[in-house]
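Two complexes are shown next, each including chain A; its partner changes from chain B in the first to chain C in the second.
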Partner chain A sequence: MRWIYKILSIVLLVYAVVAGLTIKIPFDLPVIHESIRNLFYHVSMWFTMIIIFLISFVYSLRYLKGFNLEYDRIAVTAAQVGLVFGMLGIFTGMLWANETWGAPWVRDPKLNGAAMSLLVYFAYLILRSSITDEEKRARISAVYNIFAFILMIIFLGILPRLWGDSLHPGQGGGPMTVAKLDSTLRIIFYPSIIGWILLAVWILELKIRVKRLNERLNSDEI
Partner chain B sequence: MIDENKMYVVVGVLLIILLGLFLYLITIDIKLRKIEKKYNRENKPKTRSTVVTGK
Partner chain C sequence: MIKHIFTLAGKDFLLELKRPYLLNGMLLYVVSTVFICYLAFDGIIDEKTWNVLYWIVILFASVNSAGRSFSEEFSKRHLYYYSIANPAAIILGKMCYNAVLLVIVALLGFSVFSLFLGIPVESRVMFMLAAIAGNISFAILLTMVAGIASRAEENFTLMAILSFPIALPKLLILINLTRNAIERGIWSEAIKPFASLFVLQILIIVLALLLFPYLWKD
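Entry: the complex of A and B
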């Protein structure tokens, strides 16, 4: 039963790579051309990061409801896994931006918003490491984590739209707004997102199980 | 596209990388499960909270 979502993840990702690289793109966008295929992989990283941070957020809320340290453990592990996907999103984006916009980092509200969001989550990990008392660390960081998620939504979802002028599609326009609506891209884009999210959940599950086991072994020694 | 410019080679390479990584994850998962089982065997759990489960 617990293998089902893992197998689904493998199937979806194999499909996303094979179909995503071999399908014929029915249009040719200026500047972007074949690199439109990055939509399946680069954008999936961000969707995955947001969902994993959402898991972290939910478990921080649950922790504050009953002060169960297991929930705190899940929240921090999710934040760590989410950061990995966020970094992958940044690096893949820099490569793509260099080809499309001429520089790895350009003046764009979405880029800076993404960088700010990652910094907010890195600060969460630093905050945790600065508190030695387990209960105190869990409570303070759970409250911080709730703010971190809200800040990420503001940085990635609200501010770039308010800015009005972004190189990213969906905000200020650009050639990719046409592509976004195309159904040939969607049938690969959506399965790809789900596949990457499931893979991230798989990694998250493994990390939590290692931590749980480690915790038990340490408490047995005392 | 797939025939004219040897795109299938890239697809093949990526598939090998991807499947290799999946295999690696599966191995870690199975190894972890063995350790969890061993832990549960050796530490006869008295309460439900002392059982280490893989989900």
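Entry: the complex of A and C
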């Protein structure tokens, strides 16, 4: 039965790409215009990243509870997959920002928050690579993962208050406030989020299986 | 427990006094960094730059000095501490010690800054309070990160990359707070940032107490 979610992921993503690019946008927003279609891809990347990092966090917690190295493997793989989606989120966002705000990077709480969380997870991977002992690496990096994830979530909540409103649509009276409620966008947006998340879980599962096989190969050689 | 914390912190001070070159080195680090800024900026420094520069110098000095708070002890000696005190007392002791150390750094930084670059500050009391509160909060955060970094090799680079992203939001709160102190000195606007710093502190201490025991066992 495990293949069901893979099929679902493919179906949802094909739907999101085809419908997202071909649907007639029922309104013409200032500044954004047709680029509103990026909503289906760019925003879904962030939802996916957060979910995948959450998986990484949960498995780090579980590792510290039972010291099962399998959980550590899931935690690190999730961090890697989350980083890929985070980078995709940044790149799709830069394309969009270049069109609408006139520059790929602007001073905005969401952008800076996103960049910060990517830095945290890159640091996590570097921390891992600098410890050689397997058990110790798993334990120390789990501690950092939990510590950093909780602080990151709280900081992401504080940041907008520090810098005032975001330039992002739907906040501070941007042109998206009308569109946010529009149902034509929603019927593509929500399936798209689910599709990307399922795809990420699929990638995660594959990567973990590859790692497991590699490990078995290595131990056979010895 | 409280007695343990103070004994452990006192032990750190004694160790520090036995090797004065470490403390002196750190103080000289602050002085020479500020001196470099003074020469490099060559009089073009305005209030905003002054403020940001202060915090950047302090952040680097703090990371440097807090970064070594565990490095010498994860040898055989830590096993001994572990057997006589519980991990919570050890991390809290280190935090107290680092807090005092970094407050010294903050005060020294402020006086050297005012010597070379002047004091463009409206409310000095608020600025000092913010500097002290900020450095105590850096001490708490950096002690925990130092505990993590010290378990890996090459822990100086690691200390910086692990702590910068999570120290950044705190740094921004502090920069905003001292900008108020420099430009306007309005106390009613300062209550919220102080409160949020305080809440963050409590949270970080709780997390550190929960997680630190896992860093010890080998």
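Keep in mind that, in the parts below, the second predicted complex is superposed on the first by the 208 of 222 C-alpha atoms of A that agree within 3 Å, B and C clash if a C-alpha of one lies under 4 Å from a C-alpha of the other, contacts with A are read in each partner's own complex, and residues count from 1 in each chain.
In this text, a residue touches a chain if its C-beta (ideal position, glycine included) is under 8 Å from a C-beta of that chain, and two chains touch if they have at least 3 such contacts.
None of these values were measured; they are calculated from a predicted model.
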Would you sort A:120 into first (chain B), second (chain C), both or neither based on which partner it touches? second
Taking the superposition as given, does A:140 touch the first partner, chain B, the second, chain C, both, or neither? second
Using the touch definition from the top, say if A:94 reaches chain B (first), chain C (second), both or neither. neither
Applying the document's definition of touching, compare chain B and chain C: which contacts more of chain A? C
Quick one: classify A:153 as touching chain B (first), chain C (second), both or neither. neither
Pick one for A:8: touches chain B only (first), chain C only (second), both, or neither. neither
Just chain B (first), just chain C (second), both, or neither: which does A:212 touch? first
Using the superposition on chain A described above, determine whether A:131 touches chain B (first), chain C (second), both, or neither. second
Interface residues, chain B side, partner chain A - complex: 1-2, 7-8, 10-11, 14-15, 18-19, 22, 25-26, 28-29, 32, 35-36, 39, 43, 50, 52, 54-55
Which bits of chain C are touching chain A when the two form their complex? 144, 148-149, 151-154, 158, 161-162, 164-166, 168-169, 172-173, 176, 196, 200, 203-204, 207-208, 211, 214-215, 217-218
Which residues of chain A touch chain C once you look at their complex with the stated criterion? 64, 116-117, 119-120, 122-123, 126-127, 130-132, 136, 139-140, 142-144, 146-148, 150-152, 154-155, 158-159, 162
How about chain A: which of its residues touch chain B in the complex? 2, 6, 10, 13-14, 17-18, 21-22, 24, 202-203, 205-206, 209-210, 212-213, 216-217, 220
